[in-house]
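In the two assemblies presented below, chain A is common to both, partnered first by chain B and then by chain C.
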Partner chain A sequence: MAMLHTVNKSPFERNSLNSCLSKSKEGSTILLIEDAVVGALKGTIVADKLTAAVANKNVCVLGSDLNTRGFTEADIIDGIKIVDYAGFVDLVAEHSNVQSWL
Partner chain B sequence: MKFTLLINEGPYQHQASDTAYQFAKAALAKGHEIYRVFFYNDGVNNATRLAIPPQDDRNITENWAALAKEHELDMVVCIAAAQRRGMLDADEAGRQGKDADNIHPAFRISGLGQLVEGGIQADRLLTFGD
Partner chain C sequence: MSENIKKFMFVNTKAPYGTVYALESLEVVLISAAFDQSVSLVFCDDGVFQIANNQNTEASGMKNFSPAYKALGDYDINKIYVETESLEERGLTLDNIMALTYEDEDDDWAEKSSIIPVTRAELADLMDEQDVVISS
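Then we have the complex of A and B:
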């Protein structure tokens, strides 16, 4: 089974999203939570990397953390899925293990 | 499915304790089991019974305590991390000759072995923190 990766820090503050994108395998899932949700936005310096990741990985963002920061579905890169906490729980259950990139 | 949660970040710092709490609530609502919540490093500060956040803000410690009461959660504070940060329960305060204690009764003090055991017994171990 594939691995779930969670990232919780902004890519403009730390390198953890970059590390996650470069180390995670094809077919794995990346869930952006907390400040990392800004990594899902269109037009940023990391947007190309996220767009590339969407092609062979399942990229998700926690909707409440996105909305809390003033963003909506319209602001994020096409192909990134929005999940709620129940969806977060399902992702954890569906994957063999979880790696938290902090 | 059984989950063990590891919280490494203090309350009101970023969002780790809040995320872990919301995750725990959602997992329990789906019928999963939270085998243990382990508070480590600055995460031990989530266990203070003396915090008084503004009334229009969430009370992280009381939220955890209420969830633990409702679902009989095992919430464990790492003893070494706690003692470094002046987090003591009544027994430890007595043993160390201190004149006060500050750990909420919903939490218990124990060692890192409880994290290892939590990781073994649970189907998934999730880390929240810095």
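Then we have the complex of A and C:
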């Protein structure tokens, strides 16, 4: 079963999203939470890397953290899925293991 | 008193909500306004997210403190510098930033924008002019 990766730091301030993208396998899930949700925005300096990740990984963002920061589905890269708290729990249950990138 | 007025600049570089820096800085800024100093604010790097439009904390249950920035004008804090390169790197424009305003007492209390877009180079010059720079 695949790994669930969570990332909670802004990609503009820390390298943890980069590390996660380079060390996660195809078919794994990457969930952006807390300050990492801004990594899902369109037109940023990390958008190309996220767009590439969407092609072979399941990239998700926590909707409540996205809304908190003033953004919605219209602002994020195509192919990134929005999940709610129940969806977060489902992801944890569906995956064999969780790796937190801090 | 006037000869004792110092130029204070508060530099906000962190995203809101994930850490407490943004909220704490805002509280210090509002307190500083009580001391009749010349106060300006900077939003650069992830700090630009602090004044993003449409912050909605309903689903996360956190306290949405973004409306408090709209009070800055009433505290005579009307120089709010936003670094344009920081916006661009994050896929944002000035349209994504809250319309922070003040009423100009020297111009019949006309409502004017407090937001001043600046480049990274201009910001370096502005910081150089300050008596006190407080970063968070």
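Keep in mind that, in the parts below, the second predicted complex is superposed on the first by the 102 of 102 C-alpha atoms of A that agree within 3 Å, B and C clash if a C-alpha of one lies under 4 Å from a C-alpha of the other, contacts with A are read in each partner's own complex, and residues count from 1 in each chain.
As a working rule, a residue touches a chain if its C-beta (ideal position, glycine included) is under 8 Å from a C-beta of that chain, and two chains touch if they have at least 3 such contacts.
These figures come from a predicted structure and were not determined experimentally.
Judged by the touch definition given at the top, the superposed model places A:N8 against both chain B and chain C. The larger set of touched chain A residues comes from C, when the choice is between chain B and chain C. By the touch criterion defined above, A:A74 lies against neither chain B nor chain C after alignment on the C-alpha atoms of chain A.
Residue contacts after overlaying the shared chain place A:S100 against chain B, while chain C stays out of touching range. Once the two complexes are overlaid on the shared chain, A:A55 sits clear of chain B and of chain C alike. By the document's definition of touching, both partners, chain B and chain C, reach A:D35. When the two complexes are laid over each other on chain A, chain A has residues 8, 34-35, 64-65, 84 in contact with both chain B and chain C.
Taken together, the chain A residues at the contact with chain B in this complex read 6, 8, 33-35, 64-65, 84-86, 88-90, 92-93, 97-98, 100, 102.
The touching residues of chain B, when paired with chain A in their complex, are 1, 3, 8, 14-16, 19, 22-23, 25-27, 29-30, 32, 124-130.
Within the complex, the chain A residues that touch chain C are 8-10, 12-13, 34-35, 38, 41-45, 47, 63-65, 67-72, 84.
Within the complex, the chain C residues that touch chain A are 14-19, 45-46, 49, 52-60, 62, 64, 66, 89-92, 96.
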